[in-house]
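There are two complexes below, and they share chain A, which is joined by chain B in the first and by chain C in the second.
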Partner chain A sequence: MVLHEQLHEMNPAMKFLVVVVSMLTLAWFFNPWTPALFFVGVVLFQFVCSLINWKLWLLLMIPFVITAFGYLWTTVLFAAEAGGTVIWTWKQFEVTDAQWTRALSLAFRVIAFSSISLLFALTTKPVTFVISLMQQFRLSPKLAYGIMVGYQFLPVVKEEFIQIRHAHRLRGVGVEKWWWQRIYGMRRLLIPLLAAAVRKAERAAFAMEARAFTGKPRTTFFKPVPVRIHDWILVFIFVMLLVISGLSGVLFMNN
Partner chain B sequence: MLKSWKLKEVVLMSVFSVVFAVVYLLFVHVGNIWSGFIGPIAYEWIFGIWFIVSIICMYIIRKPGAAVLSETITAAIEVMIGNAVGPRLILSGLIQGLGAEAAFAATGYKRFNWWVLVLAGIGSAVFSFAYGFFVSGYAALSPSYLALMLGLRVMSGAIIAGFGGKWVSDGLLATGTLRGYAISLEKRATSIG
Partner chain C sequence: MGKLKEKNAPIRTSIVMKLDNVTFRFPEDDKPILQDVSFVIHQGERVVITGQSGSGKSTLLYLINRLYPANCDGILSGEITLWDRQHEDYLPGEVNARIATVFQDPDAQFCMPTVEEEMAFTLENLNVPGIEMEKRITEALEATELTHLRHTVIQTLSGGMKQRVATACAVLMQPEVLLLDEPLSHLDPFTAREYVTWLDELQTKYGWTVVAVEHRLDHWGDFFNRRLQFVGGFVEHSDAVVVPPIVFNKRKSTLTTETVFEAQGISVEVNGKSLLEDVSFKLKSGEIAVLAGPNGSGKSTLFKAICGILPLAKGCIETGRTYPGYVPQSPEHLFVTQRVEDEVLFSKEAVPELVGDMMRRLRLDDIADSHPFAISHGQKRRTAIAAMLTEKRPVLLLDEPTSGQDEAALHELHRLVHTRAAEGLAVLIVTHDMSFAASVADTVFLLKEGQLTGQFLAEDVWQNESLLLAHSLLPPSGGILYGTS
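So, the complex of A and B:
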């Protein structure tokens, strides 16, 4: 199989598990090196093993960089006591080197989390993900097919949202001045949207039952999503990346 | 858990999840714009909006699991839409849902007054804060700042999710579309008795 297709072909449930495990592992590290190295590793991995639109990737990273910046200065300004030597003072604020490394670490953590999330988002097909959850993680078919029905309604819901907005505009409502009026006005948008959703859900459920959908757990599937040897190799690479960035981060900090 | 659920309730929950996934994503953008300037606290005062689906679904369906499942499915749909925050949303959705579910479970799934709904909003706020403390490394922040964050989030959970959720569901009930769900059965029972 081609190298560039590996991440796209990876079993989505396994990929999901890898992302969750990486996040929960990274949360234990408070040094800036570990998340930074992990980020570099993920980007390299994605560069070699996937074919994605890097322009889109950059665009999607922008809000996260802004968030990371917010984390950086908040953590510097409202830092917990961490000891260390003072490296910077401004009026009554004192920033120690320990506080600065922590702040840097949290900011890099946001970037690292975003990179692995984008890796998932840009290489996974949504419906295959749900089918894979059903087959690998025993997600109840009732729930899995329920989710897929909901997902199919997404374009319809969007369209209805726009229609309701237009209808409101025609009648001269929905031009609020203040944010609290807008939050209050959300109800006017939500209720027709939800009422339509209830009707759609009832019709869809009736149609499914009419076609003999019982939602019982099953062992054979129309579209099998297997776990192959490739998936284990990719999982191994991710685990190695985690171990290496974790260990070297701790080593760098101690020197 | 799903044995006692009718298919139409499962589908209702997932279509609601789609509606709220769109709402949630809009609010992520609202929060993102602010967070660069005022830091993670930007999200706190609107945090309640992200708990609302679990309260609405539980208030309407009234079966064990309605809160945690709806919140998790909403997160899953947000991921399926192709949101960049990605799979970790599913985890935070699950935890927020568990917080709301805890409040309903504590009352034995028998009471659905305004104060139970408010309690569910607070439950979500506390659970999600504990999770955020771990994942986002809030330990690096000073205790007084953390107390401010938690206070804002609890308030937001109680008001936006608790009262707001009841307000939206009651409005929906008045449209008459919810006949055949537990919420309107209760209304009928009280009007007879």
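So, the complex of A and C:
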């Protein structure tokens, strides 16, 4: 199997588990090094083992970077006294090294969390993910296929939304001068959209039941989503990344 | 309320289903929707159940495939026997493995993205072993001639193709009975006829028992060999499966010479894609015109362009004081208030003096206080028309008002449109229903791929079968034009 496809081919349920475990583990580290190293590791990993669209990745990272920066300066300026030596003064503000470390650790934590979430989001197909959850973690088929139908309905609802907005425009709704008037006018779209959604949902449920769907756990799968040796290797790499970044973070801090 | 009883016809094949004095009531209703329904269906029969909207046809179908009574807490009495066992003795899902159903709405009967995944979903429900699935999917796709669509995303298919995919999923289940719930109602006439031919071959091959619910049999030809009819409390079992076409009164034209609307060379582009190109036409006061063409030819776009919803890329529109009024296929899309009367009064342009009269003429005065979403489809359309007309709009555009309507509703629509035209309005109607069009239209516009093929006199266009066929239309069923005037 090609190296560049590894992350895309990875069992989605396992990948999800790894992401959740990584996040929970990272939350225990309050030094800036661990999340920073983890972030670098995730990006490198993604660079070697995936074929994601890096332009899209950059675009999606922008809001997270802004959030991280926000955490950084608000923590630096307004956080509770943490002690330590003053490393920087400006007017009445004094920044101690302890404060600075804590701020950096929070900022990098945001970046690390978002990078691992993006890794998951950009390398996983939603349908395979849901099917895999059903097979590996015994997610109830009722819930799983419910999610899937909802996912299929998104374009239909969008189309309906456009139709209703067009019709409303004819009545002079949604063409008001100011944006807040238009936003307020949106409430009129809710009833027709919900009415249509409820109707469609009932029909879809009937169609599923008419095809002998009972919601019972299934015994056979057309395309089993297996857990293979590759998946364990990838899990191992993630765990190593966690251990290394965790240990070196603690070591750096103690020196 | 539906009553249905029939004499037993001596047929040699085994009995597939038997209904004995079935009475069914929804918990929220006072009266039962089905009353003392009894009939027998034999192996291999093709039976159609007809009746007006709301007569309980679909309810009956849902009782047969066991979606009811469990899903609506309905109250059922009488006996339904499927093969040799009582209806209620079957486990959940057990009946559905033997009785497959194709529903009406092509957009709401799939839950997976691609055709193959959808088919796999069906087989997984039936606990078919993994190795056999591949074989059955390939076979079903070959039998239905849909192999080329195997990896296609269902949402990208046309309505007709979606119905075929739904049928293919039924084929896949290797059922003994196929139930059809108005499967043609969202298809254009040509596509509908193609579907029927295709289904005919499949039925001959597999020998299913077919039970369909349908309010119009125009496109079915001689597909069925028995008909059960719901007539309010009346018992009918008819062997005449080719129903005489609906006879509309041929209206007397109210066409005048005064031009109230003119479009000159209009083009529309949405997201850089050209949807309409250089369309020009005129409408006169009192004229009823029909706009027809295949699905996706730009009919709705044209409507939205000439009533000012979509911007014009080129061309201009002359339409007097206000834009034409537009009633979408789902009239409730227009509704923005909680009361019918408020709805009619809503617009700033509305002329309050007109409202009382308008409400009376469109028979809305009785339901003035009702919620616009809680009234019948016909009432919704009349409310929408009233809302448009109080703004003194000179032209009325009706988008697919005939779709999914039964005979009574069509007659009402016919009267409604004629009365508006007699009042001096120009009416432009999009419809696939050429029988209706033939009875009502002065002029016919044919649209194809965003271009107007031409303007035709209504009397001429029906003779020209090849022209109609090129626009996915079928000539009106015979006899229609000889109604009284």
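By definition in this document, the second predicted complex is superposed on the first by the 241 of 255 C-alpha atoms of A that agree within 3 Å, B and C clash if a C-alpha of one lies under 4 Å from a C-alpha of the other, contacts with A are read in each partner's own complex, and residues count from 1 in each chain.
Keep in mind that, in the parts below, a contact is a pair of C-beta atoms (placed from the backbone, for glycine too) under 8 Å apart; a residue touches a chain by one contact, two chains touch by 3 or more.
Bear in mind the structure is a predicted one, so any value in this text is a computation, not a measurement.
Three-chain overlay on chain A, with chain B and chain C fitting side by side and no clash.
In the superposed model, A:I191 lies in contact with both chain B and chain C. Of the two partner chains placed around the shared chain by superposition, chain B is the only one that A:T75 touches, whereas chain C remains out of contact. When the shared chain is aligned, chain C comes close enough to touch A:H166, but chain B does not. Contact with both chain B and chain C is seen for A:F213 once the two complexes are overlaid on the shared chain. In the superposition on chain A, A:L51 makes contact with neither chain B nor chain C. In the superposition on chain A, contact is made by A:K223 with chain C only, not with chain B. When the shared chain is aligned, chain B and chain C each come close enough to touch A:K200. Between chain B and chain C, it is B that contacts the larger number of residues in chain A. In the superposed model, A:V149 makes contact with both chain B and chain C. Panel annotation: after superposition on the shared chain A, the angle at the CA centre of chain A between chain B and chain C (CA centres) reads 60 degrees, nearest 10. Annotation: superposed on chain A, chain B and chain C show a minimal Cα-Cα gap of 5 Å.
Overlap of the chain B and chain C interfaces on chain A: residues 127, 149, 191, 195, 200, 204-206, 208-209, 213. Put simply, chain C touches chain A in their complex at residues 62, 65, 67, 71, 92-93, 96-97, 100-101, 103, 105, 107-113, 117, 120-130, 133-134, 137, 154-155, 166, 169, 173, 179, 304, 307-310, 323, 325-326, 328, 330, 332-336, 346-349, 373, 387. For chain A in complex with chain C, the residues that touch the partner chain are 127, 145, 148-149, 152, 155-156, 163-164, 166-173, 188, 191-192, 195-196, 200, 203-214, 216, 218-224.
Listing the residues of chain B that touch chain A in their complex gives 2, 5-8, 10-19, 22-23, 29, 32, 35-42, 69, 73, 76-77, 79-88, 90-91, 134-137, 139-143, 145, 167-168, 171-172, 175, 177-178, 180. Per the touch definition, chain A reaches chain B in the complex via residues 16, 19-20, 23-24, 27, 30, 60, 63-64, 66-67, 69-71, 73-75, 77-82, 99, 102-103, 105-106, 109, 113-114, 116-118, 120-121, 126-127, 129-130, 140, 142-143, 146-147, 149-151, 153-154, 157-158, 161, 186-187, 190-191, 193-195, 197-202, 204-206, 208-209, 213, 215.
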